[in-house]
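Read from first to last, the chains carry the letters A, B, C and D; within each, the first residue is number 1.
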């Protein structure tokens, strides 16, 4: 039945705290009662009261956020497009400077490694996007430990192996991958680039790697699946909803659309406190609103992460896994396992694998790195079940902290089937779009070629445990506090210096 | 018998080194003979000779300091209030700047963690107060190690546990506490805020936690007890006086007033050298006084800490504990145990528990952290007595270095009943008064909720030893001195840079 | 048959992308078809189109690079010398400043150690030369670890040994060396000094040490051999060519010329990514060329290292060693062994020794240091073959990270026959030519004398394993990420300060 | 026989390189032939040619340097005092600034610890003196490790011990000492203060501690002995001369004068390269002299240390100890033992003890710290001889790196009889003369009192091995090289900040 469209003029009259309508994607919503419950604060909504908020809404909400959060009677129906009042976007000096920096990105050829994307991203992303992508839990100890742990693993390369041809392709859950890695799920892609997660879909296709689609994507699930090439393999990361009917709908829809594996997130019964993200928020608010927020019943002080995650079920438990098996035939993988006991339980329950992960350091601070847990898991599976890895029947994945192909090869040598990489791809598409994501994969490809040769490993099967020295993997060393008086008295050694002429630096 | 009041005019005549009277809390004291013995130096007293010194006196002395230090014949009796000469307080530029900083504190909503209070406190407290609160012994190695030790403990969280409801309340010495922590005793609260320790009493009431009252409070013991809510649990920290009669009076009075536990400080036969505090002193003195002090018989160079602690008995010994048992029925806990042998001795003597503590790093430098000693104690009790923890009959407490709920949970996992937190609350009330202390507890509460969930622990009993990896707890690693020549020659890696436009930072 | 010489005028007409001739060392080459394949990019060639490119060509190419890379028909023959058009060299301001710094080097007497050469070199070398010499693979972790590993070895010196006379000479592959070290092979000496590798030949002669000639020398092999003193011992480092006939010619020619040992490089089936070197390149190109390069078929973005190494055979394998034995009687040593298994294999194959090396950190990042591998190798040879070191029949060498005679003595104590030193000599001759290289050897000589005495070792044989404490050699410690909030709140201890007068620094 | 005195006028005529006389302490010397052999260079002598050089000579030479280095015929006899030409001392701006800093030293009361003396010394000493005192061997790794090693030892204090009275006096070689430490031998005291070593003699007397007199004192041995109080105990440090007759004279004279122990230095067959000291030298020379020096036969580039030590015998050996026993009855102690094997040998030879020392890091770099060697020695004596420490028959001493009484107590707990302290006293008297040295001892005394109490040790005998945790003493940890790209991308956590007002720092 065709619905009569509302006129922009009528919408424009509801522009106060007392009656507040907004337009999103051509539909009008009455958000008056929702103002105080909006996790992002009322101020930002009131700015668009009576107007079209789509542009502001898009990057920070999953597409269906508004329809699922507002009761149906607040969905007022479509609006006549041309009549809607636009919000004039004022470009601040800060934003102008950011755009100038954006236009001065170095040519893509000068990007030599994954670190480079991050360095440029820090300069050209909006502060809000940078805060959301880069932040992690509490003191960000685990976040950094994820990378640091790889630096405690050293190589024992072989020589005089014919490495004229080297092949680092592998199979993940039975599907071909050009490299032993996949693009892992990360939320809110449009914060970094208007095309959001689609940039990754395209780059994945081009490079023969597998993408894991996030529950909290900015693009809709179907958009992402639609943009895949024929035969392109995609996986799904799942946050389990308190309303299991919704979860069932998502899972079964995914299976219908051809998703090849379901990665159930188990390390996020509640999203972690990401203080950088939280701190960012205050710069956006005017003081009066903040004060009001502090006294209100809804805690709106906790950044983008919490704002979008209230649906996640903290009651998810081992017993629920049977239900998942009953609703889908997709391989089930637990994402966020952090101790060998739980990996073993997953194995005994007949799941297809686990991702040893701490959610990129965004959940429990002082959780250990996935790569360290991998060592423990492999040891205990051997000890208690006689099982070795890699193993087709039960696959081990690791994510967090990866920046180099050498990191990936260390995980592979230790028994991982593949490694998930997240933030580096966010930084890649936030700086250079699809081309950036493509380049990131090409860089890794180059690094694999070189390092397979230098390791003396013609194929992935030749990357074996004896090629890594892990004797320091569990050394969580924090130096004893320094002697400040002694140290400041010590006059550092100096080398020879030029005479009379100023030094270069 | 009603005493005739002295007139302010008469008092004002005794304003010289030869005859020096001062007024404190409406009473006149002849301090002429005391001038050279004043731990804070004579200069500061002479400034108030013949005048009312109450405002200066209050924050840095326990209320009864003057009455107990002066012989009764020097107590000259009350003064007629309106006649007393006031000292004109000159507000220095430095103080004005401090007050301006104070008025520019961020709103309390922007305080995200306990570190934040400290960052603001450093800006808005007086230098003297900051020096007294923040300083620690010698090179402050132990002070910082207390925090650093927690960073050598990592989590092994469980997944797929139903954590819809999590409960982190516990019982301390049989009394309910909303969290496994208590506000530990710290001296001289009025240095930070005019309401001193009362801010903590109020915040404790509001949040259902237990406060330990310090011997060296700025507010009197009775004031603090009086301000408690009905049923609010309070403990007492005790410095044992050389004059045991005084100690007996204090202990029995405390018991009458309903104090639920007596924490006898055993790590302070002499207060430590806190050099930051000592160094502060010199800025307050004019050079001539300092010189004189250097040659005098009383060492006045050692800061606030020593000034107020000369009564503490260095002769306190194990044999004295029987006497304590004979004068009170309160549970007795030793505060400041630093080796398992002494914890075991306390257990064998039938005490109620020990606090594994090094006095916040303010006593013996290079004492180990309480959390490290906890591991040793639990191991040895198991080995020698077959006892495990937590244990109702003999409770283990830890204090020092705690800044996050994760720190507390680590201690709990290892067997502690609760953890004492001190300085963070000082910084909280010094910056925002009672509201600050309240907010500090609310932050911890939030952190507990999240971390209980992320650990997979629905209740405190579920926080178990297998949830922590302590393999590095005893690694007191100090890095070998660096190669300065090599390091300064090394040219650091650089990443890609923007072209032509200045970078953001 | 005498060939008619081309005239410079004719050559000058071929100065475009369509027809491009250049003159090198008096011969004309048609490089038109080669422009897009030039690893260094076409732009730099086009700058010299129709002109004499010798001066630009020399430092960055082995002498025979052009003749071996161009097909014979492109060798157009000699040119009439005086007729060739010269390229006017424009001296940039940057270059002028560099030359001024060069002229202000400190007198050689002020160079006290090998670090000093590097400090001056960083100031006075061209950026390109510095980047090529100093760069290493990926994050340069192994590069720095090479030096750091020596800092984990400590001495246990003997006292009351008569050390009036100390003698640190030794024999290497049966040949006398005044010190237990040799000058190892490093490429492209002319980048640092016009005399290139000859500076090292001369300094080696003067100081009685052995030089290893690199395959990729800027000077030709024969030049280097010719400049040796009678009886001076030289070794040859060999990159094995895909075309084994070329390799055979090189090896047999070397043997004829009296080379005393063949060091086959086995850690470089592909040259590593040296990002500093790669990054340098972009500063030399104009943007349009770079863009074009990015889209072309040849990857020209990878710096000098890859440009000159495309001939190296990644297919070299253990089985090839028999062939080497069949074509030469020189002792065969594998350079670049990084695990004990491979050292043992070399021993079992009857080779003369191995160099435990990771190519100065320029190949596989996270390879362990040679000195650490040495400990492993010596232990395993003893365990599996009962062999101890030093050993005449099979000699162990180590290179990478050496800066002090104490470093060398540590290696000797652990069983190495001698240690290779590379970069320090590059920096020495780049700053002071032959005199610099000579001075570097004299400094080491001085250090040996002193340290032999202080160790209590009259001869090299007296430098024994019990003189070093290697208990920490395998500690690859990376500190846990720091607590940034806690650390920035901590106010550092301060010492006493001067009154009123500004401090010296 | 009375010698006719030379006139200043005659002396003044010998003021050239061809004929160069100088006056030192009222005697004339012909140094013409010595000019090129002067370790300090000829320039500095020529500046005083024909004049009185005493003021320049004194601080950097032992008193008898000139008489022992020049043949008797060059001793031209006394000069008529008033006739000697004075060198006009030009006070440079730099020197004026230094003197102003000197006059602005903080009052001695503000010196709170030994570090403070060093901080002030760095500001007020001449560069030459600072370089000589503070410098150490090579990269100064051992120098700093000496202090760092103490930071790897932690305390396990006892509680509830009656510490009303604490007594930290002890006996050293049977002689009473008020503290378990002695002032160890350090050279050239007049560089820091005109009274040189006498400041230490006086301070030692005042505080009841023992002084070890250095061979290379600026004051003569007899001056130092003469200035001692009756009964004051002194020891002698001995560099053994190549000419044993000289050594015998020194030893037997010392015994006659009542010296109570002979500490034979065994870690200095040749003095170490102290590059800071060497580098200092070049600033004193004009370039032409330096150039000449570089080409001459005498190496004058090695700083003060080598200049004064050429007489030391590198041939000293174990067999010589019998000779020492034959010429003196003083207890013989080896100073500079660095491995347990040598300590055991000393014990078996019946010596009285050893100093576990590396000469303050001034000799062999990478020698381990004395405190670490102590642990090894005590363990091995127990294991091989069943001997425990402290032990009257064979005493263990340690020196190097001590800055706090806690450092000393750690050594005592581990078995040392006493600890030698050197540099801190140099800095103390260089800044405040005798009063400074006295204050340094008083500070240590204060620290002992407090720390004995806090350790729960009423006497030195109560300071036992169980009071220290040495599990990390042998951890020579050097952190793995950092990931510069990752680290520079990481954006540090920030805390809450003030609004609108500039922060304090």
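Here is the rule we go by: a residue touches a chain if its C-beta (ideal position, glycine included) is under 8 Å from a C-beta of that chain, and two chains touch if they have at least 3 such contacts.
What you see is a predicted model, and the numbers here were worked out from it, not measured in a lab.
Looking at which positions face the partner, chain A and chain B present mostly different ones, since fewer than half of the interface numbers are shared. Each chain gets a centre from the mean of its Cα atoms; the one farthest from the centre of chain C is B. Look at where the CA atoms of chain B average out and do the same for chain C: the two points lie 60 Å apart.
The geometric centre of chain B is 42 Å away from that of chain D, both derived from CA atoms. Of all residues in chain A, those touching 2 or more other chains are 106, 110, 112-113, 115, 118-119, 122, 139-141, 144, 148, 151-152, 275, 279, 475-480, 483-486, 488-489, 493, 495-496, listed in ascending order. Every residue of chain D that touches chain B in the complex is listed here, in rising order: 106-110, 112-113, 139-141, 143-145, 148, 151-164, 404, 406, 410, 446-447, 449-451, 453-455, 469, 471-472, 475-479, 484-485, 488-489, 495-501, 503-504.
The part of chain B that touches chain C in the complex is made up of residues 113, 115, 118-119, 122, 134, 139-140, 144, 147-148, 151-152, 275-276, 279, 403, 477, 479-480, 483, 485-486, 488-491, 493-494, 496. The residues of chain C lying in touch with chain A in their complex are 100-101, 104-106, 110-113, 115-116, 118-120, 122-124, 138-139, 141, 266-267, 269-270, 272-273, 275, 278-279, 282, 287, 290-291, 293-294, 301, 313-318, 320-321, 334, 336-339, 341-342, 363-368, 474-486, 492-493, 495.
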